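Residue numbering begins at 1 within each chain, and the chains themselves are lettered A, B, C and D in the order written.
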Amino acid sequence: MNRFKDGGQVDKNTLSNKPECSSLKVLGTAYAGSGDFVHLYLEPPLWEFSPGQFVMLRPESWGLDPLWPRPFSICEKTAEYMRIFIQVVGRGTRLLSLCDPGSTINVTGPLGRGFRVPEGPLLILAGGMGIAPFLGLCKNHPYPQKISMLFGHRLALKHYPFEESPGEMHKESMHQVSEDDLKTFAQVLGERIRDFAPKGEILACGPMPFLKVVQKYALACKASVQISVETRMACGVGACLGCVVKTNEEEMVQSCLYGPVFAADKIVL
Amino acid sequence: MDLSVDLGGLCLKNPVMSASGTFGYGLEFSSFGDLKELGAIVVKGLSLKPKKGNPVPRIAETPCGMLNAIGLQNIGIENFLKDKLPFLPWKETPVVVNLYAQSVPEFGVLAGILSDEPGIAALEVNISCPNVREGGVQFGQNAKAAAAVVSEAKRKCGVKPLIIKLSPNVTDIRSIALAVQGAGADMISLINTLGGMAVDVYTRKPRLANVFGGLSGPAIKPVALKMVYEVCSEVDIPVIGLGGISSAEDVLEFILVGAHAVQVGTANFLRPDFIFDLIRELPQAMSRTGIASLEELRGGLETVEPSPVCA
Amino acid sequence: MDLSVDLGGLCLKNPVMSASGTFGYGLEFSSFGDLKELGAIVVKGLSLKPKKGNPVPRIAETPCGMLNAIGLQNIGIENFLKDKLPFLPWKETPVVVNLYAQSVPEFGVLAGILSDEPGIAALEVNISCPNVREGGVQFGQNAKAAAAVVSEAKRKCGVKPLIIKLSPNVTDIRSIALAVQGAGADMISLINTLGGMAVDVYTRKPRLANVFGGLSGPAIKPVALKMVYEVCSEVDIPVIGLGGISSAEDVLEFILVGAHAVQVGTANFLRPDFIFDLIRELPQAMSRTGIASLEELRGGLETVEPSPVCA
Amino acid sequence: MNRFKDGGQVDKNTLSNKPECSSLKVLGTAYAGSGDFVHLYLEPPLWEFSPGQFVMLRPESWGLDPLWPRPFSICEKTAEYMRIFIQVVGRGTRLLSLCDPGSTINVTGPLGRGFRVPEGPLLILAGGMGIAPFLGLCKNHPYPQKISMLFGHRLALKHYPFEESPGEMHKESMHQVSEDDLKTFAQVLGERIRDFAPKGEILACGPMPFLKVVQKYALACKASVQISVETRMACGVGACLGCVVKTNEEEMVQSCLYGPVFAADKIVL
């Protein structure tokens, strides 16, 4: 049976809530270490979400250029705000980082399927901006001491909300500057996955090379690993077929609809 | 305010249809608005067998536009009829199937399959497809090949109205339009995407794995308007205009140059409730231009004979 | 950093030329930068006799682009040579004259007049002009007509290198490129503007008095890149790429797909010192992509054979 | 002799100063009566200008859409600021009206030819936004009592800097709401032109229908009238040939270069 087909075997825990479009006010922005890392605080939407789900953001001030909205993980949602953690990498993220408080953003969400979070121990593997979807998860987890996190980053730690997650967690951060650092990090990733595999669920998010390493060890150790992928998206709702990833069964499935979180053993990276 | 349009065999409650490939199978948008509010739903191009499409990256953003090379990924005509159509509000809103094939007979087979489907209001034939027999030149780039597709589809489609969707990548769009009208098309829709490409100077790779893709979005609206105007001046059958529509006023622009109806494509990606809002805004835009029915505006462009373009 | 390019008979200190019609006669920009810094100056299209051009409005802004229907207003070839050329720094920077005519012999006469002009480095023949003999179809839309213009101009232009500027409004740009190469073109430049139009739903009038105009600017860059790539893959003569260039990286994109040089058109309207800044930024953009000469990048696109476009 | 040809007979008083491009900071904006009328204050550029000359403005925050810069009369320039008076009529003017203080605008100027201002009596005819180029002229005129101004406006007077010009001037404002008001205004224009024609120089700026009325009476009375025209402009420097107006000699001349101010008897409106 194919878990990606509509009506197929889909884990109910991760099934998307019915998404909607809302126009949300910007409450404020906070820069982290530099203007290229920004926490964007929006009015909280009415819907609930599961960590790993994402939103498409398009400020109302955008005319027709840039054209597409931009996808971002939901970093955290409270009664006061929804928070998005953004790294400026191009024009769209630059414009978002400069949004004035009081201006409005078109927000479509919650989109896609988030992480399935079982009750037992969790190992979180985050690379760079891959930390974004985990912040709320960790802060809201009833037993943070059950969570271990390994965080790899190429830029200074001050840019990322690493310290902000609960102190009760087992947290480890590794800074990669050289090629050697990257190799070491890959090794450590392998060790942690191997050691943790029998104990619980592993959740990973980060850039593609990082996910490939994670997937490699996940398959080798037969660990239960969920990975969140980032693909180029136009519509965010399954319509354009731009964001597809290939499954083991050679099917092309929309990551905005059936992902961004996939079981590591179901897709080809 | 009268929004209805009669396309000769296809009546719409308003002139706004979704454009093929930008609205999935329709159902993707049902959380964001009531599908019954659309003039018609045109679904993703369907082929005889399911298709996997091109490798990624398949899309790239460009100034006020985008490129796509999806490669016609689709679930195949049979799966569509079985798994999607029953969930679409086809009794209230015409559902139009966009057809993709690589040979003339294949188009005929597709048309035949749909000829008896009560849930299908019309067929839209995408002739911007490479003709495998002719080394991949698109049917739509050659008047004869285009006419051959139309004749065959017409022979097989029974009473279903046949819309032929033209490619803009031609020297003379009018000659293609006349050819498809002559071959029995009931309606013409245009434009499909313009050929284009984008590259990354850092990786030295094309931004689309397929290298080439189709350009769509507001950037191409001026090209679309001109071609729609030219075709409307040339043919007698109803014309459906599209290309870069991103507001209710844009809809009226296409009506003004002669279109009977329009399709909204890339703008659906701005936000998924876009087309529903656009339809709601249409009556206001009509009042602003001082009309109570689209008929009053259609083809009403005040112009002297244009001279050939030369910058 | 080596910015120079050799176009076979035309050597430029850098690959950035102005595009015809967007840089006046060059002198309009002399307050805003040193004209000697340009790779070459291509002036407004010139005809045998002065021309008044089209009625206004002649220009309209569009999403990330613009339409123009100037109608080739120009002071005529003789006035240019007398009143403008002497004030251009032609000894330091090649001056290229863009030629406009409505018949094959007229192109020959123009080429003949320029053949002995020491101040003129090359001729650029604009074949996106209506051929009066053929009821206004553009020379550039027909391989035979295009070749006829080239042969005649080549016969008359003496030792001056001949650049043929192609129209993008064709089904198959490669066949036109091959035809003009075969007829003796020394270089090809492309693309000229795409045909387009814009209308005002409130006045019900076209936004250009001429109804149709040419679309230019960033909106058309994807179309231009594809056509330049296709032509570069097909011909052996140097190709000058243009269409929507608005940054130093855009310049490199055209080099990457195979162009030897580029022209900057509509972007000159962003601000009159635009082209000077762009040239100054080019070396930095080259370092960012890790090259020290353009040769290292030219035609270096890493690609598998593209499949025909179909959305 | 043709006054429009380069090197031809050109009045030296109105010859353009050498224009330049500068990047100028926005000092602030002030709304007049509504958000649709805004006074934009920029750092003063180093150059001098004559009233009637204009600038092309393009905020650096604009990407590629809108594409063109926008032309505006120079309303006033002091040691502290250059002021532009803008009515919001579309996308570009809307974006300009929202420019943040501290943001920068690309300014090309001074462009075109301004008004020739002789020493004797002046009659200023302004329609709506046509008041913009005259404010600085009036405020800096050594003998404001020599100036008469007739100002026609369709929106409320509060939107325009009418009161701001020196009290010593002879000022008259007329509000046009109905078609009848417009007719009356045209009549009064005619009377003022006829009465003033023998006494001095007439300067006019305003929308096209207004200018046509002015031109009609100017020709009828053989008055010495300069009119400032507004045309669609892309480049502002004479290169694109988009902004041409037709002269009496059937020539098409760039209004950005040889105008926007023309002798009323030299051009066809």
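The rule we apply is simple: a residue touches a chain if its C-beta (ideal position, glycine included) is under 8 Å from a C-beta of that chain, and two chains touch if they have at least 3 such contacts.
This one's a predicted model, so the numbers in the text were calculated from it and none came from an experiment.
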| item | value |
| --- | --- |
| Any chain in contact with chain C as well as chain D | A, B |
| Whole-Å separation of chain centres (CA-atom averages), chain B against chain C | 33 |
| Length of the line joining the C-alpha centres of chain A and chain C, rounded to whole Å | 46 |
| Chain A-chain B separation of Cα centroids, rounded to whole Å | 35 |
| Sequence positions of chain C contacting 2 or more other chains | 21, 63-65, 68, 70, 217-218 |
| Residues within chain A bordering two or more other chains | 64-66 |
| Touch-based graph of the chains, sorted into line, ring, star, complete or other | complete |
| In the complex with chain C, residue positions of chain D that touch it | 6-7, 18-21, 56, 58, 64-69, 106, 108, 231-232, 234-245, 250-252, 257 |
| Residues of chain D defined as touching chain B within the complex | 64-65 |
| Interface residues, chain C side, partner chain D - complex | 21-24, 28-29, 31-32, 44, 52-53, 56-61, 63-66, 68, 70, 73, 83, 217-218, 246, 266, 268-273 |
| Footprint of chain D on chain A - complex, ascending | 63-66, 91, 100 |
| Footprint of chain A on chain C - complex, ascending | 63-64 |
